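Encoded as structure tokens, here's the structure I'll be asking about.
We just call them A, B, C, D, E and F in the order they show up, numbering each chain from 1.
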Amino acid sequence: MRGAVAKAGVLTEALPYIRTYRGRIVVVKVGGEALDDPHLASIVAEDLALMALVGIELVVVHGGGPQVSLAMTQAGVQPSFVDGLRVTDAATMDIVQRVLVGSINPGLVARLNDAGLSAVGLSGVDGGLLEVEPATSGAGHDLGFVGEVSAVDTRLVSTLLADGRTPVVASVAPDVDGVAHNVNADSAAGTIAAALKAAKLVYLTNVEGLYSDFGDRDSLVSEVKLGELEAMLPSLSAGMHPKATSAVRALRAGVGKAHILDGRVEHALLVEVFTDEGIGTQVLLDHSSHPNGGRSSC
Amino acid sequence: MRGAVAKAGVLTEALPYIRTYRGRIVVVKVGGEALDDPHLASIVAEDLALMALVGIELVVVHGGGPQVSLAMTQAGVQPSFVDGLRVTDAATMDIVQRVLVGSINPGLVARLNDAGLSAVGLSGVDGGLLEVEPATSGAGHDLGFVGEVSAVDTRLVSTLLADGRTPVVASVAPDVDGVAHNVNADSAAGTIAAALKAAKLVYLTNVEGLYSDFGDRDSLVSEVKLGELEAMLPSLSAGMHPKATSAVRALRAGVGKAHILDGRVEHALLVEVFTDEGIGTQVLLDHSSHPNGGRSSC
Amino acid sequence: MRGAVAKAGVLTEALPYIRTYRGRIVVVKVGGEALDDPHLASIVAEDLALMALVGIELVVVHGGGPQVSLAMTQAGVQPSFVDGLRVTDAATMDIVQRVLVGSINPGLVARLNDAGLSAVGLSGVDGGLLEVEPATSGAGHDLGFVGEVSAVDTRLVSTLLADGRTPVVASVAPDVDGVAHNVNADSAAGTIAAALKAAKLVYLTNVEGLYSDFGDRDSLVSEVKLGELEAMLPSLSAGMHPKATSAVRALRAGVGKAHILDGRVEHALLVEVFTDEGIGTQVLLDHSSHPNGGRSSC
Amino acid sequence: MRGAVAKAGVLTEALPYIRTYRGRIVVVKVGGEALDDPHLASIVAEDLALMALVGIELVVVHGGGPQVSLAMTQAGVQPSFVDGLRVTDAATMDIVQRVLVGSINPGLVARLNDAGLSAVGLSGVDGGLLEVEPATSGAGHDLGFVGEVSAVDTRLVSTLLADGRTPVVASVAPDVDGVAHNVNADSAAGTIAAALKAAKLVYLTNVEGLYSDFGDRDSLVSEVKLGELEAMLPSLSAGMHPKATSAVRALRAGVGKAHILDGRVEHALLVEVFTDEGIGTQVLLDHSSHPNGGRSSC
Amino acid sequence: MRGAVAKAGVLTEALPYIRTYRGRIVVVKVGGEALDDPHLASIVAEDLALMALVGIELVVVHGGGPQVSLAMTQAGVQPSFVDGLRVTDAATMDIVQRVLVGSINPGLVARLNDAGLSAVGLSGVDGGLLEVEPATSGAGHDLGFVGEVSAVDTRLVSTLLADGRTPVVASVAPDVDGVAHNVNADSAAGTIAAALKAAKLVYLTNVEGLYSDFGDRDSLVSEVKLGELEAMLPSLSAGMHPKATSAVRALRAGVGKAHILDGRVEHALLVEVFTDEGIGTQVLLDHSSHPNGGRSSC
Amino acid sequence: MRGAVAKAGVLTEALPYIRTYRGRIVVVKVGGEALDDPHLASIVAEDLALMALVGIELVVVHGGGPQVSLAMTQAGVQPSFVDGLRVTDAATMDIVQRVLVGSINPGLVARLNDAGLSAVGLSGVDGGLLEVEPATSGAGHDLGFVGEVSAVDTRLVSTLLADGRTPVVASVAPDVDGVAHNVNADSAAGTIAAALKAAKLVYLTNVEGLYSDFGDRDSLVSEVKLGELEAMLPSLSAGMHPKATSAVRALRAGVGKAHILDGRVEHALLVEVFTDEGIGTQVLLDHSSHPNGGRSSC
């Protein structure tokens, strides 16, 4: 019974977190790295499944950088980046969409279904979820078929959540003429979380979290206020910048909290969501509010 | 991170059990002993809350033997039992109802609410949940205001479950003239589980489980088939007999499984429901069936 | 056919009152006195049933002063009052809850069910209906476990009404720590009526109504405006004060009308609600409004 | 208070009848005679309103014989009858439809609205409620535009009842080509009651009830079993025959009970439905059944 | 296949119009002239049916001037008009109601049902749809039972639309005492369209459209802005004035667009609604707005 | 107005077809050929949009043979076929899924959205729509990752239809272990139509229809009974065989009708569905039934 008692302890430790998040929306952005390793991918799927099964209204958004780069190399196309954004000509865009929508997305949906969910793969075109405008780099370079989200319609996502499904979104979306564009997945996740007024937005990345000094691994920040993060934006690394920017926008738009976690650590999601252990970096509102449901004071 | 990994392991171990029972009805009968000790009562409430919070449609049924006996002693009335059933005259019945409905029930509701649920106390009279006929002992003794359930109407329970509430039922119910009677709580739990076609029926008792030989503590049975349990009925102890009888009836009426657990062990419920550890006694159908939801074979 | 004609006349006299109140919420506070006499209690139940059966959304709130006092005497505890409020130590509170929640409440529910309703007994703890803070007497005396309602959540009541049930509320409620407190039933009824924006709030009492001069039985007031009643508050008797105070609060919060009736008169409720006979005291808004449903003027 | 007590007595006498019929469908056929006298018509409207307002799902069907005959005389057309059925040529049919649908129907709807209902006038064409085939007299005479109901679709009626409306049906209906025909109102009422499985079907007529010997006013039958009525059919008067025939069909099709009342007696409906006074003739099933709602025996 | 290609071209031309109006409310006022000729009436019914069948929420309002005049002549009553409004004494009102409600309305309902709809005939009294006050002519003449709409309650219409029915409204309505009055059908259509915030209001008339110079058939206006039409009101012909006035009111109240079409032209409705051909006169808002559904910009 | 009249004629010709199919499910299988030519693809999208916009519950299933073959050639892999089924090794399967799910599917969704729908792309994995078992050729050859549908769960499709969406299904589906397999699109369409009890199943192909003698273009069959088609199965061409087989199965399972159309003909869909012109081959049940909705005969 020794092990049994310890197990019960872990489960009861999870109780207040389940109480807080069940029935509320959590958006998780899963990076391509976490999905590239089958073992890690299967653990991530298990963690996401547990979140959904305890009643969290889960929305998953994924990218697929490494897989796209591999497919480009196989097709003899050389990836090129400007300001951390992939320059995307028509041939590249074709590869991007085939890999993200036609390979990574159904693969992740299959894993989530195996873990007990009823997942549904989407990209920006489905139900008009996302619409983009052409993006340009900071320096004004034309990036080709790279889009910035200009409109979002989450009604299909809400219908699927209400039907007990788990939407899994690939970060590709059409412009107003229906032409597919590549969208930064961090940014797509933040936009969707904002439109849904999610309770929490989690980035599963390939770093430990946010460093106050990018060169110094001891400078990992475990908690940062929204205002502080905004002040840090100019000094952030190219990889962290879109996450931080979209986290700031999401919290400004009503999302409750954001987390940046190391997706290479097994079960990082579960530990962050359901235990008292603090990992990665947590971004909080400057001031928190206390809604009281249907109860009115006298 | 060592502890974090172990914790994640416990949570993922719970995944298949959550998958199996979420959205399905589980009826838990909590004995008076488990509620008599404040520490144990608070742990039981926590365990029940976790079950409900991960999406199990939970119905709690409770008795309150020790508390009734105490109240009778305080009032100068001497408890008497025939065949393990309390002989209940009008004065005793008054005490039974006041203790079960007016003290134990709201106390348990308060604990469950503190643990994050929205519990609602009921007894058999509420919404016409249970109706009884006078019971007699095996030897034909008049037992006074002791009733055997003759009709059950679970529509109120279903309304409350659909509204996200947790019904908590005290085992007192009226006869056709509206006169309150004492009802064996094991039997009430079984009747309600049967009417709801519950997926599982759990008895939290003050014994370790079912013994094949009552005098021999080593004869604890960890699993028994319905047919075998039926064969054992004549030889069971007075305390175990109503549990076993009502378990048999419930499984015959469509309940999926029954469990007899030791309510004195901390978190016995959690361990039984969410871990691979086997405790207590499990009663299984002789043959199991495999429903496949909305999916049809081709 | 003579009697038949007269009967038809009474029924058609009731028509405009049914038209006015069907589909609207009426809260009736029933005093312990009316429930103490079985004959009177059965008539009250019949009257309440008729109200609910013609389509009024009925909520019943009850106290139980005489029954609590009797139980205390039987247990050898001496009731004591400060400012008309019962001083309630732990032992007394135990008796209060057992009598109100465990005896009077299921008794009234049983009577209402016998009269054709599907009643459901509640106290403040159920579904988090009421939460209290410790009350003190005007002179600052500690009253023990006496609470003043600090929060109300009528969602469970609304669910039950929508399901065709009649909620019956005992005036006991937990504080923030889940500890049960005694609540003045007049005040609980007013608070619930206010939260539900009831069309009408009726107090069934043991006096004829409100007297302008408490010593003079000829000074019975048959109608009083809200502003006038507010002005009378300081001069009212100890028994009338909580009724009048809670009526004033309820009307200020949007309740349409209040009535103070003599619960000792047979069928006082029916006569007040469904006939042209004026009995007891009616409290009206200073100015009345005329909602016109979904019809818009051109 | 004397009158008040008597009034309360009448109201409580009505209680069991309200309990029985609320939420159940009652179809009332109102004869043209009852609507011809404004005083009587207004009383009938009041009675019908009371029935609907206490929660009975009321469907009203009306004819208009005297009014049609008057309009024909005014237009210089001579009414002629075969076997009690009006011979209806095209000009007559035009008058029938204008009087029933364009005059009596909106007049009755207006009266019911004034009495507090939200009534909606229909004829057989609306929502495809009724479809007819040409009727012939027993002797094979062509009756012109007289139809016998060949199909019924009560979905519109159910929608209106669910929306809290009171459908008022004029007995005119199209054949398969959309050509309007005159339909016997007794027969239309019986057909609609049967399709709705009404709890009760009431004929408000211009006789006291059913006579076992038509010439003898002392032979009024106050209660008759379905089988007995069937046996009496061949000997009934021309006016009573369609009522009795359609009552027999309706009860055979699942209607609970039928009543034949004297519509010339003020408030005959109220007295029959809500009091212990027996008036007119009641047609009962040979054996009655006892449904028990959602409650299951153990 | 030649014809097939042309047919497909017409169908695809209709696509954007179906896209625009499906799921939105269109109110069509059909003049008595269009219903007087059976051939034309059957084409109008077919056109209306097509509109409803492609998903337009259709509400039909009709008058019946010529038919009323004929019935009056047949009854030996001489029609008289003041300011284009029919002077209506009690005998005339009786004829008006019988013709509109009892003849034209069920006739149109039958035609629509034959064309595949489930139409439901209404007049102002049904479900309290319209209530009127006595109208006077501009010069203050008493017009008898002529009413101006003073209140509108479209809840019944909405219930019917949600149930997939097509409401067909005869322009007769009661005053506050339930007395039927004649209502100008153009004005009734405008009032109902305004209350429903219809997307479009169409008048099927017996002129080609609006003329800027009434005497000059070449002055037909194919499009006019709301402000311009308002300026033209004083100079309009007696027949056009109520249409133009009610169109102005409807657009001011939120209706999207109005059309005045020649109902004597076969399929004028279909051509106007579903093709690029412009016919009749279109009344537009001075400025148009662009709602964007559930999509939000980023 | 000449053109206008002709247009109106086409629209009214469509009326009975709209009446028949609105609110009913039609499954359209679109072949890869029809989607390969942008001009044709845009016409097909327009036709599908019109079907959905007039209220048909549309489900689109597509293949993509030519596009897959091209992608394989580009990747240097040589397509090989056995019995008309593509032999699919792991590398080929990867290409199949990327092309069907990641390129053709979102491309068709984008076209349908541009035409006014809210389309949602699916493959067999989404919401567990389809599950497969490995298929073998008739001669028992291992075909690699080619699957035959073994289970279908259309609940997600029904949810999307009820939400006003148009599901677009790519014919790829997982086996029980979640491994993606290639599925014959004709067969997938038939299976889904059968599970949904579709009113109609349409195959848009690259032949004119079914030939009784494959070598003789004059032997085009415009109508064939189910029994006759079954008899022809052994003699059909390799391309027609899966269509015919799945049509037979679908009709046997309750689908109302099947059509085989030439997708290379512009607007073939519109012409078949909405006009009197007969094109392609129609497969009918041997006997047809006449459901009559909610109307019951008397």
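Everything below uses one rule, namely that contacts are C-beta pairs under 8 Å (C-beta built on N, C-alpha and C of every residue); 3 or more make two chains touch, one makes a residue touch a chain.
Predicted, not measured: the structure shown is a model, and the values here were computed from it.
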Cα-superposition angle relating the copies chain C and chain B, to nearest 5°: 180
From chain E, the most remote chain by mean C-alpha position: B
Numbering shared by both copies at the chain D-chain C contact, with half separating same from different: same
Where chain A and chain E are represented by their mean Cα positions, the distance between them in whole Å: 53
Between chain F and chain E, distance of the C-alpha-averaged centres to the nearest whole Å: 43
Shared-contact residues (touching 2 or more other chains) in chain D: 128
Touching residues on chain C, where the partner in the complex is chain B: 75, 94, 97-103, 105-107, 109-111, 113-114, 118-123, 125-128, 156, 159-160, 163, 165, 172, 174, 177-180
Chain C residues touching chain D - in the complex, by the definition given at the top: 1, 3-16, 18-19, 22, 46-47, 49-50, 53-55, 115-116, 265-267, 270-271, 274-275, 277, 279
